[in-house]
Amino acid sequence: MPISSAKIIAFALLLASAAPAPAPARATYQRGLPTDPGSTSVSRYGKITFNSSSNGNVTRATFNNPPINLVDAFVVSDLFDFLHSLQPAPNKTTPKVVVFDSANPDWFLGHYDLHNIELPFTQTKADVFNQVIDCTRYILNTTSTAFIAEINGRTIGLGQELSIQMDMRFAGPNALASSFEDSLGLTAAAGGQPFLGPVIGKARAMEYLLAAKAFDGPTGERLGLFNTYYPTAEKLRSEVSALAERIALFPQHSINDTKVTLSLLNPTIASLDDQLARFIPLMYLPEDQATIAKFIEVSGNQTDSKFELGLPESSVQAVRDGVYL
Amino acid sequence: MPISSAKIIAFALLLASAAPAPAPARATYQRGLPTDPGSTSVSRYGKITFNSSSNGNVTRATFNNPPINLVDAFVVSDLFDFLHSLQPAPNKTTPKVVVFDSANPDWFLGHYDLHNIELPFTQTKADVFNQVIDCTRYILNTTSTAFIAEINGRTIGLGQELSIQMDMRFAGPNALASSFEDSLGLTAAAGGQPFLGPVIGKARAMEYLLAAKAFDGPTGERLGLFNTYYPTAEKLRSEVSALAERIALFPQHSINDTKVTLSLLNPTIASLDDQLARFIPLMYLPEDQATIAKFIEVSGNQTDSKFELGLPESSVQAVRDGVYL
Amino acid sequence: MPISSAKIIAFALLLASAAPAPAPARATYQRGLPTDPGSTSVSRYGKITFNSSSNGNVTRATFNNPPINLVDAFVVSDLFDFLHSLQPAPNKTTPKVVVFDSANPDWFLGHYDLHNIELPFTQTKADVFNQVIDCTRYILNTTSTAFIAEINGRTIGLGQELSIQMDMRFAGPNALASSFEDSLGLTAAAGGQPFLGPVIGKARAMEYLLAAKAFDGPTGERLGLFNTYYPTAEKLRSEVSALAERIALFPQHSINDTKVTLSLLNPTIASLDDQLARFIPLMYLPEDQATIAKFIEVSGNQTDSKFELGLPESSVQAVRDGVYL
C-alpha cells in the first residue's frame, strides 16, 4: 500500500485521536506505475460490471451500487482493482478506451460514504481513504488507456471528483454535477478542486465551488466541463460509443504519446498532496464532524431520500435552516 | 512600506532622472500577509463606502470618486486601507465575501490618474504607485475573503486590472471593460496582462490587449471574462447579492481552502515583478511621456469628457489622427 | 544550423539506421534570437508571396504551393527564411504584424511532405526537419511582431501545428483544421499537441487529437481555436486587415511587452523537446513506415486527390478498412 506524505499526516492525526487503532504499515509512495500488476480480481463486490467491444479495445465499466451509487468501500475497492488491472506490463493487453457509465438512470456516481470520515478514523477507514487517493493517482498515471465519463445522472462529491479527472466527459439530459463539499465545511480534497480550475477557469470554479452550485448538461457544455451535451440518453450512448471506437482504431502508442503530452496540463502531484494535507485538519474539526453526523441523519443514512436526490440545494438549505449545527 | 525588486528599479530610474527628489526609504518586500494589521482607518478620503449584511459576512464596497471614478491617489489610499483591514489575524473577524460595486452608473472604475506617472517621478508618486502594487498583492494574498466585482459601467485601464484580479466578475448592461494601455505605448503593468491571459486564453488576450479593444457584457460572458452577464442593473445586483449570501453561509475555513487551491492558477509573483520591471523603462520614454501629457490635455484633465467616455476608441482614434505625437 | 537534444536523438537514430548518410555537423542549440540575422533571401522558391501595407508595418504573407499547399522542403525553406528575416536587430525595421493567408481557396496549409519522414532518414531530410523545428522556435521567440493566421481552407497536420502556434487565428467559411496524425500512428510532434491543450482545454484536445477529428469554423470559434469565425471570405479578410492595421498603429515596444507577457503561457521549450524526443521512435516503427508509404500511395502522392481533400475522415476510413496495414 503506497503512502503519500498527506497520508502520513492522516495517520499521525489518526494515531493522536484514536489510540486503540493499530499502527498502520509504513511504506514510501511509489511514483508512476506498479512494476508488476499481476492478475487482479476485478470487481470482487460486483459494484462495476464490464462489457468489452472492438476486439477488447473498448471496455464499458458500469457503476452499479443501488440505490444512489454511493461511493462506499465496495465501490472504491472494485474501482481500485479495475484501475490496477489497466496498468501496462510486458506482454499484457489493456483496452485503449474505457467508458465509465452507470446502471442507474438517476445517478452516475454519488458522494463518498461519509461514515468513512467519521471519527474515530480507524485503520479500515484509512485503507479505504488511501484507495481513493490511489485511484486518482492511477487515473493520472495510466497513459495507455483513454478514460471517458458518460454522465447521465447526478455526479456529486467524490463522484464529481473522479469524473473531473477523466480525460473526457459527455453529458445526457439527466446529468447534474456538483462539488458541494464547501457546504459541509469540507472541500473536494481528492483532486476535485485543482482539476476543476483549468477546465472551467478560475473565476467560474470559484463560483461553483464556493457556492456549492450544480452544473446541468447545457451549462456544463457551455463552460467546458462536458465536451458535449446530448439531449437524449440514446444519443449520448451512441455518440460516446462511436467516439470510443474511433479512438480505438488507432495504435496504442499514439494514444499513449498524446496522453503523456496533455497530462502535463494536470496539477502537479505535489499540489494534490498539499490540498489533501490541508483537508485532513478540516475533517477533524468538531463542527465538521457534527455536520457529517447530521448529514447522515437527514439523508436517511445516505439512501434514495428526498435529501440525497435534492443535492446540492438540499445541503445549502440545511445550512440556511440551521439543520447541521 | 514594502518594496519589490521592480520598485527598486523604479526608484533607481527615478534617482537617475529626477535628482531633486528625496531618496526613498529602503525596505525589503514582505511576501505574504502583514503580521499585525492592527486597526486601520478605512476610507479616510470617502472614496469607498461600505454596507454590511448577513451578520457582517458580506460587505459591499462602493467606489465613489466623481465624475469618472478615476483611480487617483485618494482612491488608491482608501482601497489600500480597506484591503489591509481584511487581512486575517487572531481573534479578528473579517467578511467572508466582499462585493465591489460603484455609485456611478457609467463607471465601475476608471484608469490610473496619469499625473502619477508623469515625470518627474517624485517620492509622492512612487508611494501611490507602490500602494497600487500592494493592493494587487493583498488581493492575491487574502484567501479568507472572496472578492466579487459587480460591474455595470466602464472598467478601464487600472480599473480593469483590479477587476481581473478579483475572484469573480459579473456584468450588467452598461459594462465595458478594456485594457487600452497599448494605445499609449504602455501596457497593463499592475498584473492586468498576465491575469487576463488564463481567463480568456492567449489568442483572445493578444487580440484585446494588442488592439486595445473593449469587451461589452455579452462578449465578456462568452469569452469567460465575466462569469455571467445580466441584462438589467437590478438583476445584476440581486443575483450577485444572492450569490454572496450563499457563499457566506459556509464556514470560512472552506472558503479559505478553496481559494488557496485555486490561487495556484494565478501568475507567479516573480512573473508579475518581471512584467512591472519591463514597464518602468516604457514609462520613461520621451514619446510615452509626450503621449501621457497629450492624453491629459485632450481628456480635459481626465474628467467626464467625450474623450474619457469614448475610451478605448477615442484613444485609438487619437493615435490614428496623430493627436498624441 | 542549431541543434536541440531531440534533434541529436534523431541524428543518432539516423546514423544507426542509415549508415551511408554523412555525419551531420554538430552544433549547440541557440536559445533566443540569432545575434545577426543579416540579409536573408526571402522566398527563394516563390512559395510565399508578400504584400506590405501601413508603411511597412503590416505584411501579408501568402502561402502558394499548388495544388494542396503541401508543406514540402521548399515551403519550409521559404518560411524559415522569412521568419529569420523578422528577427530584430539594431537599426533594422521589421513589421509589427504579419498576416499569413493562402492563394488557394481550399487550403490554408497542408500537411508535411511525408517523403521527408520516410526511411532512410537522410541528411537532407534531417535538414528540412530541423528547419521545421526552428520555424516553430522562431515563431515562439519573435516578440516584436504579432502573427495572425487568416484561415479559409484546410489546415491539416503540420499546417495545423504552425497555425496553432501563431498569436491569433481567424476563420472563414472554408476553414477546416485537424491534427490527424494519431490516425497514422504518429502525433503532432512539432508542438501541435502541447499548444492545442491550453487553447481548447485538455478534455477537448484529447477528443480532437485522439480521435483525429476536424474543427470547422463555427466549432473552432466556440471552442476557442479561432478568435472569430466569419461567414464570408471577404468579411474574414476585411476584418483581419482592420485588426492588423489597428495593432500596427501602436508602438512596437508595447506589442513586444504584451507578447513577452502572454508568451509565458506557452509550453516550455523543455516540454516541446520532450514531445519531439518521444515522436522520433514512433517514426522509426516498421508499421508506421508502412502506413506512411501507403498514405503516399492512396493520396496519389499527396496531390489534390479525393483522399487529400477528404482528410481527416479519409485517413480514419483507411484505418477502418485496413488499407494502411
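Side notes on the structure shown:
Each chain gets a letter, A, B and C, in the order it is written, and its residues are counted from 1.
Definition applied: a residue touches a chain if its C-beta (ideal position, glycine included) is under 8 Å from a C-beta of that chain, and two chains touch if they have at least 3 such contacts.
Values in this document were obtained by computation on a predicted structure and should not be read as measured data.
Put simply, chain B has to spin 120° for its C-alpha atoms to lie on chain C, with the angle rounded to a multiple of 5.
Both chain A and chain C derive from one sequence, and where they touch, under half of the residue numbers involved are common to the two copies. The mean-CA centres of chain A and chain C are about 38 angstrom from one another, to the nearest whole unit. Within chain B, the positions touching two or more other chains are listed as 198.
Taken in their complex, chain C has these residues touching chain B: 146, 167-169, 198-199, 224, 227, 243, 246-247, 249-251, 253-255, 257-262, 264-266.
By the touch criterion stated above, chain B contacts chain C in their complex at residues 181-187, 193-194, 197-198, 201-207, 209-212, 267, 271, 275, 278-279, 282, 285, 287-288, 316, 319-320.
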